[in-house]
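I've put the structures underneath this note.
Note that subunit A is present in both complexes that follow, paired respectively with subunit B and with subunit C.
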Partner chain A sequence: MSGGHGGALDAYRADIQAPLASRREYLYGLNPLAKILGPIPAMILVLLSGTMFTPLCFVILCAVLMLTGLRWQRSSLITLGLALPLFIAVFGFSFTLWADQRRVAHTPVVFEIGSFSVTSGALEIGFTTALRLAALFGLALTGGLSSTGPDLVRSSIQHLHLPYRIGYTALAATRFVPRFGHELETIRQAHRVRGMSPGRGPIASTRRSLGYVVPLLTGAIRHAGRVSLAMDARAFGAHDTRTERHQIPVRTRDWVFMIGFWVFTAAVLVAALWIR
Partner chain B sequence: MSINEKATVSSRPNFRWRVVDIVVASVLGVAVALIFVAFNLGWSGIKAPFEAVLPGFQGLLEPVWYIGGVLGALVIRKPGAAIYVETVAALVSALVGNQWGGFSTIEAGLVQGLGAEIIFLLFAYRVWNLPVTLLAGATAGIFGAVNSIIFWSPGASWGFITVYVGAQIIGGALIAGLLVWFAVKGLAATGALNRFAVGRSLGVRV
Partner chain C sequence: MSITHEGGARPGPDGVSLELVPGEVLLVLGPSGSGKSTLALALDGLVPHAIPATLTGSVRVAGTETVGASVATLSETVAMVFQDPDSQMITGSVLDEVCFGPENLGLPVAEVLERAETALREVDLWERRTENPDRLSGGGRQRLAIACALAMRSPVLVLDEPTANLDPAGIEEVYRVLARVVARRDRSIVLIEHNLDPAMDLVNRVLVLDGLGRTAFLGDAHSILRTHAAELLELGVWLPVSLMAALHLHEAGIVLDPLPLTPRELTAALNVLDLPVLVDPPPPTPGIWDTPQLEVTGLSLKRGRRLVLRDINLSLDAGSFLAVIGTNGAGKTTLVQAIAGVIQPPRGTVSLGGLDPARLDVRTLTTRIGFVFQNPENQFVTYTVANELAHGLRLRGIDQAIIDARVDDLLERFALTEARDQHPFLLSGGQKRRLSVGTALVAGASMLALDEPTFGQDRARAGELLALLHELNAAGTTIIVVSHDLQLVSDFATHVAVMKDGELMRIGTRDEILADEDLLHEAGLRMPPLIRAMRGLTAHPSWRTVTRLAELPGGGGLR
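Presenting the complex of A and B:
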């Protein structure tokens, strides 16, 4: 999960919340669990695959899904269009150089750099590895770019029976991250003003950083105490079940997406075995 | 120096997690994750001089990654606190991103949390003194060391394994044990832990 305003740790990104997405951007409207459970067999298949064919299929599938199902700005489209081939090329060549030379010694030499000869076998290993990485990224990003953390937690509580007391409090804790940054700045300024551990260099800065740990934790625990008082006051956790404000239903389209993903994975597996 | 001596509340501990326990454990997890992130960034630079002294000696510092388990258990004092805090910390630091990848980070967090948890479980979550804390830190070190040997240096020589595990045990007791013990004492002294048994026994009422 990256990009967007507020970065990876803003779990509540308004720009990708399901009710706000239009019909055409169908990935946002799917249940987050379907977007995780669908690609999991594919991830395992990609990890186990030894040829270029399997990861290539999933790179193409994920590219098609993301291009048709996500909202894109022109700038990020161009970035992705340049970054993906560049990523595969750079990683492909570096994995080529790391490939075990003894295993590929019998394959024909494609070109030479000085005394170092690059064989077709090494190139194949290198680019298979790079494509595998790209496929794994794609499979994770298809769901990751189109879901929010809160929706995933709500869906897990409603459908996977994750205890809601844990789900919602963990969610509340992620909201502490921006607070920590602010608090750290305050503590740092307070220590500076009082002249604690002055000086330059690594030793002084380490001593200063160690001095921030206890005040930072104290502030965090105090705030957590207030949050839990507020939750207790609203009888959070008093009952076994909880009425949900936002329903994250599992609809027919979620089943279609998930089973479709599994069928595609099975088809790729069969095809990979057939062409070998 | 048992810290239960001054406890005025009933001696029978309540093992059910209250809301404040879950929230504080989650927040501790996130806070520890931030320490991990900072440590991850500097790790290659930090470990170089130690590795140069003796390969495996960097294990002395790796227990910085195990502080979550002991810290969580000492503050919350409930079953599962060590595993929960360490796993949340690993999860958050994996989400932020590091050089080891998501799955292995979370798996390592689980194993390291388990190492600390087992010791507190052995003492039935009733003994919360310094020796048990040191033991928990050292055990987290053993679990963490075995886990990294299996995943990151399979087929390592016995010499390396001995140095590495030994360094992790000592480092675990010192960093994940002693250091965390004093951190919790410091926290209790501020009064922030007054809603917890540890604050009532270690801290000063303010």
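Presenting the complex of A and C:
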């Protein structure tokens, strides 16, 4: 018995496999490597940026890409329409409160909460940080929501010369995740029945968690041993190469996506320098 | 050939020689620890290549020594199917899974697909090729594992306890597929199996290992089982139930010749004999007291949005032995966990002698009911066997002297005295199981619930555990087991509850439920072989209701 069908951790979700996507949903059809390599310079730029302009550009870009290139679901509308603004608002205000007051003391006070005055400088720092986080998530999810683990592994083997023994072993390991979740739940129940470390609070919960480690690891090692026997018995690693039924080619559109992303990133960089 | 595991004290198997003829089906039998699985792993080189061990003698596969060849090259000649279907699934779809082996061989894509299709059609999974293997039933996943082995197109197929983790419907599926493979006669099969009743129709030859891993018998399966049945029993080898029944009858002077190996043969042999009329056994005692110790009323339970238990009502008298049966996913475990308070039942739905587990804290709960998980390791929380038993008592702040006395008593009762200072994880499988039963009962619970206590264990160990439960039950403990092994259930349970899709189909006395073939079939279960054989009797009406070996005339000393 294994739990977690179709969960976010399932590397094999059928609903994001490229051949099943329609033409409009173009993100699914792109090479997973293009969807990683394209946004990487943008991620670095967002990490280094100090103004609101740069992350805002990428939040908008990612929203547009996801709206046009991903399959429509009610949850995607909720995410973009409600969760994203809420995320930025909540984190923006939280980071505002955390901002170093001495650095922003000279900026005008926007409003006051009791004796605590919120300055425009603090607001700017807070919201810039929130937008940077949102932009990073967006850049990672654009590729992440539209690629499957196996396609990424295949593409890395075909184009980056990743040894297939490593790639496919990693893939087999992703199957462990839902299994361990299930196992951990069982162990937790079992320990609770034994009356293990009752009580609340961080100390009791740490003591409880430590007790889960040994049974969980024992189970994991045993399972991994069995899986590796089963793989060996089916000639895994026998030859230097293995047949690949699914070719994940790098096509013109992948280059267009990747280079387009880089050009946009460069344009944002130039614009940001110019605005300053 | 002899094999000694790294750090092992003695070889097992020890000095075994055999040849596998193309097209034959070889059954390997032996008590646990005799090295059956090691033998299987040596056939395709996993021993000694993947598992460190010393191999003396030689294993030659299609003319090559396994010691010199790689596992991968050998896997082109010998394909394996293991016990646990879960640990054999590597990819995310049924088709990818079957293609995995041929892809590793570097075959051209067209051939990979052709092999995959043939193999999947052979096990009736071609229509489901796009699905995730997790969605298949246990039997379905094991059929998939067979397809994966078939796709290697190797002339030898080794199956190591392929049905030990399956429910009866799954076992039937696997044997239907195996029968098809055997019928083609183009492969040799090595089968390690404890569940002999469905296997007997397929096998030609048998290799019996003794407790030390030496060859006890090697030859024609049917004649060896028939002529050496008593010696095999002595060795601790499990026999087909029909054969056990015949040996049982032999002691009462009822001689069946030739000895039957399948339910069909048993029925036929008994039908032509003159048999004494059986007096009906006394009705099973309904319990020691006639007030229900357990009452469940209107219990429904949701997991996420799915209703996993639907309006369950049942009551159980103290001193009963209840078996909850059903296929995988029928809700058996959930029901018993809710009864034992492992998962919180809605308030007012479960009553343990007047107490509601939903309102009890763990300390009080464990004085009423103990729960034993499927994997006993999950329950161990301390570092020695003695501490493990003392843990439940210390939680209650009991006097150290009393704890010591109680722990000594339990160690003795569960035959663990010698292991008292060992780490629980280092015990043998049977010891772990006994310890987990001990820890569940240490606080004085009068009810014991066990989740699949025989799952994945060999028959000898399962029998040993059930005998322990029987003993506890005779001493007054109410027992609830979740199981899908109907023969074991029918040998020990007083009551049976049948579950399907989260609903309780029926609860009743053992004889009443097990006699209802339609009910069992609807629940996805199958009649145990002995009952099937007895129900087929036309000449002896009084024998038709026999459900257990113990009800047959004859000595009771066989078990």
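Keep this in mind: the second predicted complex is superposed on the first by the 211 of 276 C-alpha atoms of A that agree within 3 Å, B and C clash if a C-alpha of one lies under 4 Å from a C-alpha of the other, contacts with A are read in each partner's own complex, and residues count from 1 in each chain.
Here is the rule we go by: a residue touches a chain if its C-beta (ideal position, glycine included) is under 8 Å from a C-beta of that chain, and two chains touch if they have at least 3 such contacts.
Note that the structure is a prediction, hence the values are computed from the model and not measured.
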Request  = Check whether A:236 is in contact with subunit B, with subunit C, with both or with neither, and answer first, second, both or neither.
outcome  = both
Task = Using the superposition on chain A described above, determine whether A:194 touches subunit B (first), subunit C (second), both, or neither.
result = second
Request  = Considering only touches as defined above, state whether A:228 meets subunit B (first), subunit C (second), both or neither.
outcome  = both
Ask   = Is A:117 touching the first partner subunit B, the second partner subunit C, both, or neither of them?
value = neither
Inquiry  = By the touch definition at the top of the document, which applies to A:76: first (subunit B), second (subunit C), both, or neither?
reply    = neither
Ask   = Touch check for A:107: first (subunit B), second (subunit C), both, or neither?
value = neither
Request  = Go through the superposed model and pick first if A:213 touches only subunit B, second if only subunit C, both, or neither.
outcome  = first
Request  = Determine, for the superposed model, which of the two partners subunit B and subunit C contacts more residues of subunit A.
outcome  = C
Request  = For A:177, select first, second, both or neither according to whether it touches subunit B, subunit C, the two together, or no partner.
outcome  = first
Request  = Identify the overlap between the subunit B-contacting and the subunit C-contacting residues of subunit A.
outcome  = 1, 172, 214, 218, 223, 227-229, 231-232, 236-237
Query = What residues on subunit C touch subunit A, complex-wise?
reply = 41, 44, 46, 49-51, 70-73, 75-76, 79-80, 82, 84, 86-93, 96, 99-109, 112-113, 130, 132, 134-135, 148, 152, 328-329, 337, 340-343, 361-363, 365-366, 371, 373, 375, 377-381, 391-392, 395, 425, 439
Ask   = In their complex, what parts of subunit A are in touch with subunit B?
value = 1, 8-9, 165-166, 169-170, 172-174, 176-177, 180, 209, 213-214, 216-218, 220-225, 227-229, 231-232, 236-237
Request  = State the interface residues of subunit B toward subunit A in the complex, per the touch definition above.
outcome  = 17-20, 22-24, 26-31, 34-35, 38, 75, 88, 92, 95-97, 183, 186-187, 190, 192-193, 195
Request  = Would you pull the subunit A residues touching subunit C in the complex into a rising list?
outcome  = 1-2, 5, 11-12, 14, 148, 150, 168, 171-172, 175, 178-179, 183, 186-187, 189-196, 198, 211, 214-215, 218-219, 223, 226-239, 241-245
